[in-house]
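Structures given as structure tokens follow.
Okay, so chain A shows up in both of these, paired with chain B first and chain C after.
== the complex of A and B ==
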């Protein structure tokens, strides 16, 4: 079922890209096509798949010859095409805790229904969440595949980088031992160079999307960095990020706003709602641009192709959701200021002990910095629980409040 | 605490290096989620977060704690990390140490935890102005091992029905050993050991043997309720129970190796659900099922705090393993209030009735 879905997507997107006229936006379509092709490879039953935690070093795994992916991709994809509810029900019937994260519950449902291809290996990461770690272990148990666990330290100092880098070396040894696939230094260098090229384009994208009004169209950068992380180390990653950079550069140069009539700008915290909901169209209708998603900007320095393991480790540790909250709070306040937003939207994904668990502290930090926060109590995957009327009313009230504050802020500026 | 008593240091997790705290001249004080404090943690921590950490924060916010010289929190799971964040913000004047706790037990994890413990030792020395020597850690570990051994004997007596007050009395003693100075705990355990009866305590109700597993069940009345409902734990595998204080022997460990050995011990079995064995996914559930079978328990009762991902995510595997072993499982989710266990009375009684019919 999932394979057919991706195959149809690939065919449709290839046709739309072929038909695109000059100057027509193609970055999002290129992104969607590469994501669909990734899905097709994952679910083809032919590629050597590694199901992973969300922080796994996907470019390193590409270099070893794997088709790696984080399990949350399954939940997001299935939610995106409306297929999550029956899988959530199945997972719950098998004992999955209904208060747990639905990205994970959907993946469990997909395993129970045989939708998930059996991987060669399973690689867990202890961050960003303990729920994710438990689910990846469960995948390894159910599918009877070898499991490797990367302990992502709580701190970011040099010793933590070294500890994580050593584990990445261990991972390469483990992969060689259990699958016979080994890492060729030349191949690793090529992969890291591709990663750095994509990173460079991502930094440019960060710079360009700071323009007011934003040159990015409302859905351009939804799930961007999360999916691009799966393309790092490949030409596809360079292609996608390059397409975005070029398109945004053109739009910024032409002063062509992504959202006509941008009135207000917001920071979107953590994940987007993955199923079709009225939230984004409503924001658009109200003239609110999502100027930046918390997880999109680049937080890591370039990786040294001659000695990449510390760089991979630094990248993992730089994720805002790793370690103590102080790092994340700095990050979101810096984004709010840098992207000149009026406020922030936090879809407090039900079941996320990591993200929603920090709701009160994130809210406080942003408010203290002068940015009101709308905390939406939603589930980003489970559309069964979505209360449209309530969400709509809260968004409208929030936008009204932001609009009233706007003149004062402009005066301050 | 009396005047002149060692200063108290709050902690929340059984993986905390208690011997190091004692060696620093401090008394570890487990921040048990037992309180009548109003729910104020909700302003900081989301509704769907572990009630253990929320009740602990409620205590802190409500002043329902003795004066603490500091707090040490293990970064063991998302909820504990969030508690550390919230504590630092809600009580900015408190000293808070956060120690990383690897998810797997292997040599690299041990080395990392050793470094964390060394960092913590330095921090403790800063807090107290005194040197924390290996000899002092060895000595404290020996004292704690004595307490742990005595608690094991008391647990055996509770299981056999020869401890007056049964599991409730045992739990009260367990709570004391993680909140009081060593000598006070030692005296109490000695006194309790002296009360063990030769034959079965006549007040001990007729009951069916069960294995009690899960994370937190620190309320002595909850344990007494289990017994009153006709369930007699043969043993337990709880964070606030048998796993809370585990004997660590450092006597023969030379200077310079003590922290390493302590790290090994903290990561060694008995494991809670959060500690994985990559070579054997699902080991936690398998081991518990094996243990339940070996103990001749008629069934297993799991008490798990709501929203606890490490446990809740592994319960389906435990259920499967126990089904294969022919052992029924009762899962009780608690919110760390005495009310939640009271609400479970009917379910426990029904479970015991079902077990009785099967025996």
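== the complex of A and C ==
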């Protein structure tokens, strides 16, 4: 089922890209095509698959010859094509806690249904969430595959970098031992250079999307950095990020706004809603641009191709959802200021212990910095619980409130 | 009646409310009808009734603004504005200086934080569940076999009030039935219900105003007619809770005032 979905996507997107006229936006289609091809490769059985936690170093795994993917990608994909509810029901019937994260529950349902290709190895990460760690461990148990757990420290000090870098060396040793696949230094250097090229384009994307009005179209950068992390270390990553950079540069130069009539800008916290919902069309209709997603901007320095392991470790530790909350609070406030937003939207994804725990403090930090926050209380994957009327009223009321504030803020400026 | 009038229609889940104001923002007529299943018919009836009460025809209405969950379905409106903004506008006209407005309607409860000029600066709403709203009270009144308007004073004789173990409408209803069957005093049950609603509402208020000291708190929506809930909320907040004369028409009044503001801004002499 999932393989057919990806195959259809690839065919459709290839045709649309072939038909695209000069000047027509193609970055999002290029991104979607590469993501669909990644999905197809996972399900084709051609390359050895590694199911991973979301923070795994995917470029390092590419260098070893794996087709790696994080399990949340499955939940998001199935939610996107409306297939998540029966899998959620199945996972719950098999004992998954209905109050747990639905990205993970959907993945468990997919495992129970035999929809997930059997991996050669499973690589868990202890961050950003212990729920994800538990699900990846469960996946290894059910599929009877070797498991490696990366223990991601909660500190960003040099000692933490060294500790994590050492584990990454151990991971390479583990992969060689259990799969016979080894890492060639030349291949690793090539991969890191591709990662750095993609990173460079991503930094440019960050710079370009700071323009007011934003040159990015409303759905352009949905799920961007999370999925691009799966393409790092490959030409595909360079292609996708380069396509975005070029397109945004052109639009910024031509003063062509991504959203005609942008009147308000918001920061989107954590994840987007993955199923088709009226939220994004409504924001568009109300003239609200999502100027930046919390997880999109680059937070890590370039990686040294001659000694990449500390760089991989720094990248993992720099993720806003890793470590003490102070880092995340600084990050979101900096984004709100840098992207000149009017407020922030927190979907408050149901079942995300980390998001729920942080919610009040994120709320307070942004409010104290002068940015109102809308808490939507939705499940980003489970469409069964979506209450359209309530969500619509909250968004409209929030936009009315921001619009009332806008003249005062402009006067202050 | 001379001069243009401005109509606010609040299409809620339990009631459909209409208020007509004149160009000075004075209320000319108002009405409240049960929404029922045929929302559009009710909107038409409410509109006709308020015009009849004002003694004018449809042509006298220069602009209409709709609010409430059915706001998008009202024809002939110049805008659909959310209940949050409309209730804030209405309460500021009736009780200037309000810092926090609690609005409990048929299936929504909201706490709205206002600044000194009556602008909304924050709001919080109940999540998915209608516990503690008008529908909840309807179900409890049914279980107690009393009329909803009578609930408000039934707790006057209560000494301590019972504690309900669940605020889920379904479970609370069956718990109330069990309590009645076991001979519990109705006054104590009602006091427990009011206190439970107040505790839940206090949580909403805290989300928009962490400190209650010195706050001017007002309440709107149909549940504000229940004196027991208002008393319990005031006790929970440690602040007086002021209720305007017609609390269920505050949203419609706000909508009418917004219609007036927008129409006069577009054409000062309509």
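One rule holds for everything that comes next: the second predicted complex is superposed on the first by the 413 of 413 C-alpha atoms of A that agree within 3 Å, B and C clash if a C-alpha of one lies under 4 Å from a C-alpha of the other, contacts with A are read in each partner's own complex, and residues count from 1 in each chain.
The criterion applied here is as follows: a residue touches a chain if its C-beta (ideal position, glycine included) is under 8 Å from a C-beta of that chain, and two chains touch if they have at least 3 such contacts.
Since the model is a prediction, treat every value here as computed from it, not as a measurement.
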Touching partner for A:133 - first (chain B), second (chain C), both, neither: first
Which of chain B and chain C A:235 touches, first, second, both or neither: neither
Touch count on chain A, higher of chain B and chain C: B
First (chain B), second (chain C), both or neither touched by A:390: second
Chain B versus chain C as contact partner of A:359, first or second or both or neither: first
Which superposed partner A:24 touches (first chain B, second chain C, both, neither): neither
First (chain B), second (chain C), both or neither touched by A:99: first
First, second, both or neither for A:372, with chain B first and chain C second: second
Which superposed partner A:404 touches (first chain B, second chain C, both, neither): second
Touched partner set for A:159, first chain B, second chain C, both or neither: first
Those residues of chain A which chain B touches in one complex and chain C touches in the other: none
Chain B residues touching chain A - in the complex, by the definition given at the top: 42-46, 48-50, 75, 77-79, 81-82, 84-86, 89, 98, 100, 102-104, 108-109, 111-112, 115, 273-274, 276, 278-279, 281-282, 306-307, 309-310, 312-317, 319
Interfacial residue positions of chain A with respect to chain B in the complex: 94-97, 99-100, 104, 122, 124, 126, 129-131, 133-135, 137-138, 140-141, 147-149, 151, 153-155, 159, 163, 166-167, 170, 323-326, 348, 350-351, 353-354, 356-361, 364
Interfacial residue positions of chain A with respect to chain C in the complex: 367, 372, 375, 377, 385, 387, 389-390, 393-394, 396-397, 400-401, 404-405
Touching residues on chain C, where the partner in the complex is chain A: 69, 81-85, 108, 119-125, 127-128
